Amino acid sequence: MSFNSFGRVFRFTTWGESHGPALGVVVDGCPPGLKLREEDIQTFLDKRKPGGSKFVTQRKEPDRVKILSGVFEDDRTDGPRTTGTPISLMIENVDQRSKDYSDIRDKYRPGHADIAYDAKYGIRDYRGGGRSSARETAARVAAGAVAELALQSILGADFSIRACLVQMGEHKIDRGNFDWGVIEDNPFWCPDPEAAKAWETHLDTARKAGSSMGAVVEVVASGVPAGLGAPVYGKLDADLASAMMSINAAKGVEIGAGFEAAQLSGEENADEIRIKNGSPHYLSNRAGGVLGGISTGQDIVARFAVKPTSSILTPRRTVNAQGEETEIVTRGRHDPCVGIRGVPVGAAMMALVLADHVMLHRAQCG
Amino acid sequence: MSFNSFGRVFRFTTWGESHGPALGVVVDGCPPGLKLREEDIQTFLDKRKPGGSKFVTQRKEPDRVKILSGVFEDDRTDGPRTTGTPISLMIENVDQRSKDYSDIRDKYRPGHADIAYDAKYGIRDYRGGGRSSARETAARVAAGAVAELALQSILGADFSIRACLVQMGEHKIDRGNFDWGVIEDNPFWCPDPEAAKAWETHLDTARKAGSSMGAVVEVVASGVPAGLGAPVYGKLDADLASAMMSINAAKGVEIGAGFEAAQLSGEENADEIRIKNGSPHYLSNRAGGVLGGISTGQDIVARFAVKPTSSILTPRRTVNAQGEETEIVTRGRHDPCVGIRGVPVGAAMMALVLADHVMLHRAQCG
Amino acid sequence: MSFNSFGRVFRFTTWGESHGPALGVVVDGCPPGLKLREEDIQTFLDKRKPGGSKFVTQRKEPDRVKILSGVFEDDRTDGPRTTGTPISLMIENVDQRSKDYSDIRDKYRPGHADIAYDAKYGIRDYRGGGRSSARETAARVAAGAVAELALQSILGADFSIRACLVQMGEHKIDRGNFDWGVIEDNPFWCPDPEAAKAWETHLDTARKAGSSMGAVVEVVASGVPAGLGAPVYGKLDADLASAMMSINAAKGVEIGAGFEAAQLSGEENADEIRIKNGSPHYLSNRAGGVLGGISTGQDIVARFAVKPTSSILTPRRTVNAQGEETEIVTRGRHDPCVGIRGVPVGAAMMALVLADHVMLHRAQCG
Amino acid sequence: MSFNSFGRVFRFTTWGESHGPALGVVVDGCPPGLKLREEDIQTFLDKRKPGGSKFVTQRKEPDRVKILSGVFEDDRTDGPRTTGTPISLMIENVDQRSKDYSDIRDKYRPGHADIAYDAKYGIRDYRGGGRSSARETAARVAAGAVAELALQSILGADFSIRACLVQMGEHKIDRGNFDWGVIEDNPFWCPDPEAAKAWETHLDTARKAGSSMGAVVEVVASGVPAGLGAPVYGKLDADLASAMMSINAAKGVEIGAGFEAAQLSGEENADEIRIKNGSPHYLSNRAGGVLGGISTGQDIVARFAVKPTSSILTPRRTVNAQGEETEIVTRGRHDPCVGIRGVPVGAAMMALVLADHVMLHRAQCG
């Protein structure tokens, strides 16, 4: 993966800044003949859209996607279909609030990429973080929608990707309560209704205090066939690690038992296998569906840690571009827990990695 | 990264199986004029070499590296120097013990890649795990040696990469005891002498019981300039995540505070900045030296979780290639804690990622 | 190069069809701090713009470029400057004449990509050739403008890229008349005023007969330092060959003496070297500025053959999508000699290859 | 393609110098289950082997290939089969004649890469040209053998690649005499027995005069299905152009009618289509089997021009590394017409490009 492109045969390239006229993505290598309408992509974008509750940024962006190329409709195609050529998707920025950015322009916000971008490029679009803003993830979600639709078309009805929040701050869900059916019933994509209630209180407290909270996102892909992954440097889990770590504010990634695996014995860790309906059936899934970098047919389980939003109201010590010590308070419309909106982004990255690997696999193995 | 190659401008490709005649690596894109002798690489390989203590596999492999190309010496070059052309390194396998592999040939070892490779390729070199064996990491370490020497040459004396084991099983080191100076004084690369003693007992117990333990490896790069990293899909931390997760038995990767960051408040997490000696000086390093995917000049800190060795003496339920249920006991010469030998491998991957990014950065930014 | 992307560290990705709403390009990896305004790019596009004379298509496209990202201006930057992040450029299609495409929809135009796209994808945007249309080259020219500006900034005033038409049909220029100063004085970018006059007659005759003519384009880069090129599969001339051959209607590429080199003796072919002003000075340039895939400091000279436009008024035998034999006449607004508009496209591809190699070279060699 | 690697999903990386201990190639992404023995590859290498007649270099290299990885045999596999993991192939250098290289060390041979390598890297293995030597092509031919076997396995018996010499110096074959059956009956891979006789005289004259001759190689792939190629920067013909131009001494590449297409009218050039046996049947093949960068099902026809060997006995003016003017005579065992041995190399590159595209196509289009 290189610069602003990701993937090998199913590949996408994103562009755009937080406060530029638009942002977008070019999806290249998509299979031809796939039904694809703007509203199919919009459904995915709406999940990531800001402004949905008091727990996410109040910036109002409709995030309306336009398909500019790569799709064609005539009376033989039964609706717009992909042509196999690049699919260009664009989302216009609407609510770039006119405000004074002089503070960010000169002072580096701790925990943000400001100082790093200046060190690298010597210049930076400081409006809302420019290219380093999490608004870039809208483009990933749009690309991920195409990837997921392609996967559904290739892998069929058993295939699905689901994502949720399994930890907010130090508060983890109770795995005994886990229910995918409830994740849309609370503003956190939380699969544990009890935890969701508690989180509401915790996050409200943090929000009112001008503080912020971290979180852990879990992404699960089901119905993925065994055999995906390209050892040894294109391992499925290595690609997932890269994909998830590239998401804004991510600080850790794990597969299956993840860091907990370090604490298990060999007996506890290795998933035993039986036969069920004529196929291998694993008695547990500590591996997270990946062995030796290749999918086993079990659920692919990835998790990533999201740090607390660095934009907070508490004054923080920092320096400015002139090399002087100063303080900063980051006002603006920020997510008190950016991990929440990371949920659909994680799902998108899972789809994008899998689409690439499904296609890589059939390239080599037919 | 793709198949068996890693990197963009400093790139390497590994090949070879556990029980084939040899394994090796081709390093491409190395800067010319770098002093490079076989013994310079050998020093790194000797750290990873099997057979060093009772806590690692008893397979006796000298892991003697040969340079087959890419280096030239005449009376003007003051010893062998890289020419900028591909550096081919080969390590012959010596101690492929002649044994009966019929058990592995037919039965899938739980926790191993056997079943996944068969699902993908329909054929597999089952001798010692074939391509999925951790012997492949010898090739990475050889490539990593070249990368580290190139980095030392470019970045100078302040640059270093160090790695250690910070957790074995559930036993973490005491950070108060941390001392890089002692890691070679114990067989675990442990920076806490107290912990090292305790681990000896724990691991001996596990080993004698025919069991195994997991571990967590920490890798730290110092003296890395600010500005490395290629947002947004070639972020320095995303590449480190891919690099570390590609190591055999790795199940999780984190940068800086990592998963703990999810539990911190915004105030605790974002590293404040002051000026020291005219340069930005951070009051903490929760970021692990990376903001927005770009290095900040702080130490780069990466950690990865290694699962317990899956080759254990306890009988485990599994299936065979004929689709029948059976049991397996994995005899052979295995590491009771494969994380130990993962330490120099993690250091090598850090060097390889950084070498690529140092060169990518000067490509774009001069 | 892969699918719709070209380049390694200076890379671009194009998208769009002849009759879609727009087409565009994302340029990634551009050095930061480069002055870049829309009008700087427009200058290059205007050279390729259709509708300039009776010898090119009468389609009226203003080809007005918009910069959507990657450039930032504030009071410190002295005009818009590149930020090192992706530069998204868009050109809206304006004059997609509403016409009946049913002929092209069902019948394959000989010499066109219609039948090949259908064989590959099973679907195709047939309006004006869709993705296979030479309108895609507008995106290359826009990207090439950025590349050329980057090269001028890095290589300085001695650097230039010039392109011209050296042959139309069987009529070659007289090299004795070669004058770069006159190429904008005729509608053919012809450096030989005598030839230009003759071509006018030849092409007018062909045009009125509903026929078309082929051509040969020559592209020359001067002021390119010695040392660019990445042997052995990223050779400068191999990349130029790929770049030029990817241009619509190109059927051959040559460097320096090219195919004529096959007829020379070793004595005639190898350029002898003397010293001039303290530097190597070549007594001829049969090599076209490239030896062993690496630039020598001489002018880089590339040439490509463009086949005659396949859209002609003469009825041609063909088949349709139903597998039946039929005939076709291609009406519409076509270039009688598409090689003319290939001139600025060739120059753009030269700039794009060189920008990538300048950056690749400093990646490896500092 | 980048540095010393070529291909995307069927990829290979070569290494080694003319006078190092060995040279080799790592083939990555090969389909699993393919029968592959050393002798299968050796057959291809033997065609390129030096020392076969007085018309090629008298260096005696057995070019014996060893398979070091990626192939496995047990009693179930019916001979060695590829496992889908990297295939490492090595050829040891045997006849590196001990000679005094001080002349080449200090003086730059006109027409050779000496001066360019020094300009780029500041160091170079000057023995026999080092990395820039055409001995590198042995590695390509070995990789090409694997590619061709993979293609035969996927495409079946109708698929073939053939190559020949169609021009030596200014002497072209008579197309009326073209007969693939005779190319092994003369030392030139010449398909025209009459021309072969004349060439013998011409080349003998040149050889005795210490001079050399250029040539044109033609490569034809038959039985290639329609639909291969990845527009617009991974076009099949663009990849072939890059592949052929990367061969030592190549100065031009053309597809189908090539440069002659520039002289044709639109009517003459565009291949008309009829139906034969229910499939499209072209009445000519000026396109060389490629339209819009995609194969049409016709024969793929590529041609490349090879310059005369630059190592000649005539004294040539040149400069040395100290920047002084001098003269050089290149003694040694050189090919009087290096194009002859380019014939199997061209065939190998065709196979390598097609293998990549067959696999890329099934990645995207299933």
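Here the chain labels run A, B, C and D in written order, and each chain numbers its own residues starting at 1.
Please note the rule applied: a residue touches a chain if its C-beta (ideal position, glycine included) is under 8 Å from a C-beta of that chain, and two chains touch if they have at least 3 such contacts.
Bear in mind that the values here come from a model prediction, so they are computed numbers and not experimental data.
Engineer: Just how many steps, at minimum, does a route from chain B to chain D need if it may pass only between touching chains?
Structural biologist: Graph distance in the chain contact network comes out at 1.
Engineer: Is the contact between chain C and chain D built from the same residue numbers on each copy (over half shared) or from different ones (under half shared)?
Structural biologist: On the two sides of the chain D and chain C interface, the residue numbers are mostly the same, over half being shared.
Engineer: From chain C, which chain is the farthest off, judged by mean CA positions?
Structural biologist: It is B whose centre lies farthest from that of chain C.
Engineer: CA centre of chain C versus CA centre of chain D: separation in Å?
Structural biologist: 27
Engineer: So how far apart, in whole Å, are chain A and chain C when each is placed at the average of its C-alpha atoms?
Structural biologist: 38
Engineer: Could you please state the distance in Å, as a whole number, between where the Cα atoms of chain A are centred and where those of chain D are centred?
Structural biologist: The answer is 45 Å.
Engineer: Hunt down the residues of chain B that sit against at least two other chains at once, touch-wise.
Structural biologist: 2-5, 8, 14, 29, 32, 84-85, 120-122, 131, 231, 365
Engineer: Residues of chain D touching chain B in their complex?
Structural biologist: 2-5, 11, 13-17, 20-24, 26, 28-29, 32-33, 68-70, 72, 74, 77, 81-88, 90, 105, 120-125, 130-131
Engineer: Of all residues in chain C, which touch chain B in the complex?
Structural biologist: 8-9, 29-32, 84-85, 154, 231, 359-360, 362-366
Engineer: For chain C, which residues count as touching chain D in their complex?
Structural biologist: 1-6, 8, 14, 108-113, 115-117, 119-122, 131-132, 136, 167, 169-170, 206, 211-216, 226-235, 237-246, 248, 250-275, 278-280, 283, 286-288, 290-297, 305-312, 314, 316-319, 323-325, 339, 361, 365
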